[in-house]
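Two complexes are shown next, each including chain A; its partner changes from chain B in the first to chain C in the second.
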Partner chain A sequence: MMQYVASGLVSGGIYATMAIGIVLIYRASGVINFAHGELATFGTFVVFACWSAGLPLPLALLIGLLVGAVASPCIEAFVLSGLRRRTHLTEVMATVALFLALNGLTLAVFGEETHEFPALVTGPPIEAFGLVMSRQSILVLVVVAGLTLIMAAMFRFTRLGAAMRAVSESRESAELAGLPVRRIVWSVWAVAGMAGVLAGVLIAPIVYLNVNMMIDVLTKALAGAVVGGLTSVSGAITAGLLLGVGESLVAGYVSTQLATPFVFLVLVLALVVRPQGLFGSAPKVKL
Partner chain B sequence: MTATRRNAAGLVVLALAVLVPPALGEYRTYVLCLMAIYAIGSIGLTVLVGHGGMISLGHAGLVCVGAYGASLLMIRADVSFWLALPLATAIGMLVGLALGYPFLKLDGPYLAIATFGFAVALPEVINRWSAFGVGDPALFGGALGLNPPSPAIGSLIINTSLRFWYVCLAVLVVAVLLARRILSSRWGQDLRAYRQSPPAASAYGVRTRRVRVWSFAVAGGYAGLCGALLAHHLGAVGTSSFSLTLSITFLMMVVIGGVESVAGAVVGAVAVVALQEWLTGQTSNLQLWYGVALLLAVMFLRGGVVGMVQARLRRLRHRDEAEHA
Partner chain C sequence: MTLLEVRGLSVHYGAVQAVHEVDFTVEEGAVVSLLGANGAGKTSTIKAICGAAPYRGSIRFRGRSLPQNAARVRAAGVGHVPEGRHVFGGLTVADNLRLGGWGKRRDRSSEIYQLFPRLAERRRQLAGTLSGGEQQMLAIGRALMGEPDLLLLDEPTLGLAPVLCDEIFDRIRDVSAMGSTLVLVQQHTSRALALADYVLVMRGGRVIARGIPDDFADEEALSAAYLGDEMPHGGLNNLEKT
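Right after this comes the complex of A and B.
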């Protein structure tokens, strides 16, 4: 039982890391970024390529994070701002188009082979409290805990965090108050992009590095983000973790075949019963 | 374009569609069939997305329902193909209604995620059907899928692409005429009013909930019909034919053709299938070029191909009038 919960927390932690990015972008731009997972895959491949070329893994990771931090705001700056009429439909279509295009780009640049990806930490698994966990799994949990604290601290204590909150509250008022709204929105996308690449690097040693690695993770992260309320970072983290644990328990006690359908059931139920999510604010009606 | 000119143009296209295919050969006719079948599905999406302003990333799921529904009826219940077509349409409408009700409160990106979930979940459920332990574990044919029998008229078996093309064409013509009727009706006006502003439409007496739910039913009906034809066209029905990519492809047809017009849905289907055929010969990396094409269409093709042609014609006419004056 506890073993299932522990392994669920690990996959849930990765969903949560992805979900953070989705929520940050939704708060900043009001867009569901369906391309978020593919961006993460691309960044993870960059890390792999640098590491294969002989760079030490931490340096490769840094380069990958930088790629995420630069590429992600480009989506907002060049694609979404380039839309002549910015409606929910055109925005969704644009990020869906980017989902396909980025998947194709990764395929074109890095090929379709599956690679074994190096774990960030190696060594024998650790046994504690009657649980056996690999060091990589423990690292995932530490990273998620760290991200949670960093996010909370950033929103509460830094000027950028306050500016982000102001922009997501009302773009117009933030502009009137003299905030550099565009730059703030871009920084949010950059932070989200880095979180995405981090999630990719964390999951790659577990599922192996492949072009289509993040599609499943993105779906589950979307579910986590929605269950958590789309506007709440802490909600997305909590929901992502719970979803991972639920999935792991269903796989362990019912059937591994039903783990993925379970996630969708939760997603649809959450949308139908409580569209604002567990922790989000009610969606505003646009007149 | 005036109504008479438009009718004349339609008749010319129809005459070409009847007369040309016998000279095209088996494979090209096969591709033509696919264009007609996808056109039917994309008309349904035009109603939902273009006129209703609702985003669906799950259209392939509804097409999947139609394909499996028709195949099961033909294989299990010995229903003829001709009866399976309207029944699959009805099944599609029912599933559309069943989606429309729970999704009533969802808008914009929320609706996109919900329909996305449906599109990804349905094939998963079909693939893992035996794990649910409900009903016959082999109901959906497992990994092999289903093989619906070929339709026949009397002793004439529809087993060549040319014969099937005339079936598809007939169904497409009916589908187009019906869609124009539906969209020019009072209900169509209500739907567009709802898209403009749900609260305002409601204030003017539009029963927004009903309009919304029924727009899902119409989309589902067209998708079901499309699925039934697709089931025969593919020969074998498996979940891999109804991936998320197909849902995106349908959206692409609607956007490239022009979201608001029935003709646009048909033009979009023809264009996307043609693009697909051309790309398949050039590259194995379809998704890259699909993504780029869709991105360009969203960013620069305002009103789609049909919208651009209409704008060009309008400008020409203005110039004519200016010169004559």
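Right after this comes the complex of A and C.
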């Protein structure tokens, strides 16, 4: 039982990391960014390419994070801002199109092979409290916990964090207060992009690096973001972790085939029973 | 010295023209009151100056054209206390002030807390839980955090109880006494006239009267002018000094 919970927390941690990005972007731009997962895949491939070219892994990781931090705001700056008629429908169509385009681009640049991705930590699995966990799994948990703390500290204590919250609360008020709204929104996308690449690098050693590796993760992260209320970072993290654990328990005790449907069943249930999510306020937009 | 020079300012919202070819200047250190009834075009004029509404015409600040971008106008030294306050309700008082100081090295918050002791007591409180008067103080404080050379206040006493209006006006007088140049938008005349060095009256998107406060001593004529009543005895012509 605890073994399933532990492995569920690991995949849930990855969903949570992706869900954070989805929520941040939604709060800043009011957009569900379907391309978020593919951006993460692309960044992860960049890390892999740099590492394969002989760069040390930490440096390769840094480059990948930078790619995420630059590419993600470009979606807002060049695609979404460029939409002639910016409605929720055109925004969704644009990010879905980008999802496919980025998937194709990654395929074209890096090929369709599956690669073994270097683990950030190596060594034999660790046994404690009757659990056996790979070091990579433990790393995932540590990173997710660390990321949560860093995010919370950024939003609470830094001026940029306060500005991000202000823009999420009311773009108009932020504009009237003379804040550089566009640059603040781009910063949010950059943070989300980095979190996405980080999630990719964390999961790649577990599922192997492949063009399509984030599709499943993204859909589950989306479920987590929605169940968590779409506007709440803590809600997304909690829901992501819970979905991961639930999925793992269903796979362990019921059937592996039902694990993924379980996640989306929860999503549908959540939309029916509690559309504002676990912690979220009433949804601002309808899709 | 002329601090702000507005020439041929027009503001359109789609097919609606809210401001028609407005001209005026603001001298350094002065308090200019911009009066007019609801819908006269005051807010549109202020927003245009602040870069928060697109416009045609020329707006020069210290002789240089102001960019049509709110963040850059603010950086150039123009502070804006928007109509409706627009404080960030989910942020603390301290964070609201902090954002007012965006891009500034110096932290003026202790000066702001001196000016508005009620804010000092509530610095950890969420702005959304403040009373209307306190939110207005916060909006003024937030604008002052940017160390503006020119401060534009759009109906800072709208919807406040009379005692609070007095308090806000006292603080605005303090700000003016510290040497700031102010443009004060008001619907109600007496307080605005008492504070002003120069008065502009707008109606239907145009400046229909202007002069020093003494010219507007006949409050009845002034009310008639800006409330849009029929002119009783040619009062408007007497006012027109342009």
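Quick note on the criterion: the second predicted complex is superposed on the first by the 283 of 287 C-alpha atoms of A that agree within 3 Å, B and C clash if a C-alpha of one lies under 4 Å from a C-alpha of the other, contacts with A are read in each partner's own complex, and residues count from 1 in each chain.
As a convention for this text, a residue touches a chain if its C-beta (ideal position, glycine included) is under 8 Å from a C-beta of that chain, and two chains touch if they have at least 3 such contacts.
None of these values were measured; they are calculated from a predicted model.
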Fit or clash - chain C, chain B, common chain A: fit
Partner chain(s) touched by A:Gln257 [first = chain B, second = chain C, both, neither]: first
Which superposed partner A:Asn103 touches (first chain B, second chain C, both, neither): first
First (chain B), second (chain C), both or neither touched by A:Gly146: neither
When both partners are placed on the shared chain, which of chain B and chain C touches more of chain A: B
Which superposed partner A:Ala162 touches (first chain B, second chain C, both, neither): second
Partner chain(s) touched by A:Ala94 [first = chain B, second = chain C, both, neither]: first
Chain B versus chain C as contact partner of A:Val181, first or second or both or neither: second
Partner chain(s) touched by A:Ser173 [first = chain B, second = chain C, both, neither]: second
Superposition-derived angle with apex at the Cα centre of chain A and sides reaching chain B and chain C, degrees in steps of 10: 90
Minimal inter-chain CA distance - chain C and chain B, angstrom: 18
Contact residues common to both interfaces of chain A (with chain B and with chain C): none
Complex contacts: residues of chain A adjacent to chain C: 159, 162-163, 165-166, 169-170, 172-181
For the chain A and chain B complex, residues of the former touching the latter: 26, 30-32, 34, 79, 82-85, 88-94, 96-105, 107-108, 219, 222-223, 226, 230, 255, 257-258, 260-261, 264-265, 267-268, 271-272, 275, 283, 285, 287
In the complex, chain B residues that touch chain A: 49, 53, 55, 57, 102-103, 105-110, 112-114, 116-118, 120-121, 124-125, 128, 131-132, 197-200, 245, 248, 251, 255, 259, 285-292, 294-295, 298-299, 302
Chain C residues touching chain A - in the complex, by the definition given at the top: 47, 50-52, 70-71, 73-75, 79-80, 82, 86-91, 95, 98-100, 102, 142-143, 146
